[in-house]
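What follows is a set of structures for review.
Both of the next two complexes hold subunit A, though its partner changes from subunit B to subunit C.
Up next, the complex of A and B:
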């Protein structure tokens, strides 16, 4: 089983190495760039708010990067199988669920590189910066959050990619129906707000996308 | 003889303007007396109008008494009594023994239907509230509209806001913590680091001379203040050249411009929330009579009044305030434990969905 995993990991690495390398570079650079200007020891009291503002602005890139990595890695994981109409996978002496699990696991292993890059980049940025009194750095919390966001994004897109065109069609039809109901409700002046409900379910509390929301701050009070 | 005549003439010449000045003074005094009389009459009429309006506003209303609270309300489904029972301990803990004077300031509320478009009689006394508020919202209404007893203009001016109870004291401290850390002033930063003299400066409870140099210590801060907060004010007229020089990093120009501001217009480096928290700290330290002591001498300097209320010297009070604020650091931005489990759960769920895909079911 380990040999099979190695083989799957190797092939997946070949297909997605460009994504992994670029994602890792970006994940390493964002924390360093977000704290640029904080390295000066002579920075006055005026710059504290500017620093927090810059960190907050750069912080919006972490969930975007996590989403992009999840999407591209999931697509790369299934692209070859889709092109070959899954014939190679069907010829393997392996149950489908095991095969999917190997692909899923290989993707997680490869995504460890950008996650580690966020941790190393954040730690390095914090070590080289001179933070104003009262501010604290959260490199580990940021890296953990990034890891969860990458994993959730990867799992969502992996499930969508693993599905059939029919499944994708059903999902699209459900979304279109929701939009249509909302439009009709608005025209009929009914007190129905599906978008708000969907936002609550998806983004708040224990929703699947809740990990993407909030402020992604490497440095904060 | 001619000298005597000259003296008489000179005296009469000198006396005539003095005489006319005396008559001018008398005329002005009469006018001011008349104005005072008119003002007193107007005040009496206003009192009569107020009392009539109060009678009109409270007609057919009930009075709910809980502790020192007197709430005059029209019949409605609002949970006034329960709200008053929740609000009274909070109000009592802030004003202490002075809360006994609150019956002099009864609340007057009129519950109204928020969905009704029917035109209502306009009342000039009391507050209108929608009658669909829940208990928490009704309690908040009582807490945020309570009249602080014996609240004098000097204290109001220093605080910049009314002193009212808060439902979330910890949040208030956290807000002040963030202000201390992020305020764009070196004096505030030094206060955060433990310089109590600076804390007294930025809280305006110590020596009030030379506030500009005490509040905005560095030339960069003074320049930022002029170019960001007062650009429009100084951009016209005689101050425009100084503004240009200030923009070219000439600190003397910036300082001169800021010193030319009317008294009381120099922005405080630390917002009012910090002062309100200091008063709360003094009242907490001083016991039940602390508020009475705070409002006992309206003409005394604020620092003395706070020290008297707290029963300790102002330096000790400011140290307590600072320690209190520093202990209230907001929670870090780490994910809550349940969010981590939720993320792992959703990852597993979507992974399971992928395993169950129908693609190979030929």
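Up next, the complex of A and C:
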């Protein structure tokens, strides 16, 4: 099984190394950039607020980066199998769920690089900056949260990418049907808000996508 | 006789236009089994059913004495497969594809793989997508052979290849069978090619099996007869009448193509007031064409 995993990991690295490298560079740079100019202890309260606003603005990039990485890595994981109509994968001598697990695991191992880059970049940023009194740095919490977001994004897009064009079609039809129901409901003045309901279920804690929402702060009070 | 592949009452339907209504197939262990049929006859579908890539509506598939698809992982560990279309990732090199495949097969024969790389003159650093059609076919055969499987399933492996590459591939297959005693199930519509290498043959058309027989029996038993004075209706002949038509010259002469023919059967015609003027041997291709014509006119084939 280890030999199989190494083989899958190698192919996936070959297909997605550009994504991994660019993602790692971005993940390393964002925390450093977010604390640019923070190395002054003589900040007043107003400047501290500016710093927090800057950190918060840069913080919006973490969930975007996690989503982009999850999406691109998931697409890369299945692209070759889709091109070969899955014939090669389906004729390999292992249970299909094991093959899926190998692909998923290999992708996640590769995503460890940008996650580590967030941790290293955040730690470096914090070490090289002198934070105003009253502010705390949370590099580990930020990295853990980023790891969780990457995992969720990768898992969701991996599942969608694994499906056939028919599966993608079904998902699109479900979304289109929801939009249609919402339009009809609003024309008929019915008190139905599917998207608010979906938003509550998905994005508010403990929804599966809640990790992407809220503030991503490397430095906070 | 043990069977490497055994299909029983297999039923499968793909959309409204294609159906395998009831397929029985028996591939003897250790044989080189040719699976003939025109394009669209159901050969690839049958192969995909054998390998568990498709699920039958009903019936049973047994491969190497194990039920498919229940034990597909164990079976596929002993089966080398070459599909009709190249299915490998175009962005990997020859060497990377060999290494990838080696990781999945416990019986992988590295020495054989290296020997075949040399013999087929493949460059390990070339991307699969940049190989010629012949090189792709050779690499896929290499991967199937180096797995050291007990069964090779080859779906039109030499279709569209030049004669030199075809010969290289067939020669590698024959060497493999003679060394390992493996079974080869090879589908093709290139009848002459199968005639040279196969010892069993099956013919399929429109999702139905027309015949399944040892190659020699099929070749020896399929004849063209020039018959004089035959009655319009014949009763219980000891052979199968595949086609029957008047000779171009008119008169009472007719050309018959028959199956299951044996040398002493000319006496049957004397018993019905006719005579056989000539018995002509048919090669496999002629026999194949006549079987198809007979089947399409509503004959039963086998």
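Keep in mind that, in the parts below, the second predicted complex is superposed on the first by the 214 of 221 C-alpha atoms of A that agree within 3 Å, B and C clash if a C-alpha of one lies under 4 Å from a C-alpha of the other, contacts with A are read in each partner's own complex, and residues count from 1 in each chain.
Basically, contacts are C-beta pairs under 8 Å (C-beta built on N, C-alpha and C of every residue); 3 or more make two chains touch, one makes a residue touch a chain.
Fair warning: this is a prediction, and the values are worked out from it, not measured in the lab.
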First, second, both or neither for A:94, with subunit B first and subunit C second: second
More subunit A residues in contact - subunit B or subunit C: B
Contacts of A:138 with subunit B and subunit C, given as first, second, both or neither: first
Subunit B versus subunit C as contact partner of A:206, first or second or both or neither: first
A:83 touches, of subunit B and subunit C: first, second, both or neither? second
Touched partner set for A:162, first subunit B, second subunit C, both or neither: first
Touching both subunit B and subunit C, residues of subunit A: 90
Interfacial residue positions of subunit A with respect to subunit B in the complex: 44-46, 48-49, 52, 86, 89-90, 96-97, 100-101, 104, 132-136, 138, 141, 144-145, 148-149, 151-152, 154-156, 158-159, 161-164, 166-167, 206-208, 210-211, 214-215, 217, 220-221
Partner subunit A, residues of subunit B touching it in the complex: 177-178, 180-186, 188-189, 192-193, 218, 220-221, 224, 329-330, 332-335, 338-340, 342-351, 353-355, 357-360
Footprint of subunit A on subunit C - complex, ascending: 51-53, 73-79, 81, 83, 87-92, 96, 99-100, 102-105
Interface residues, subunit A side, partner subunit C - complex: 3-4, 6-7, 10-11, 14-15, 80, 83-85, 87-88, 90-95
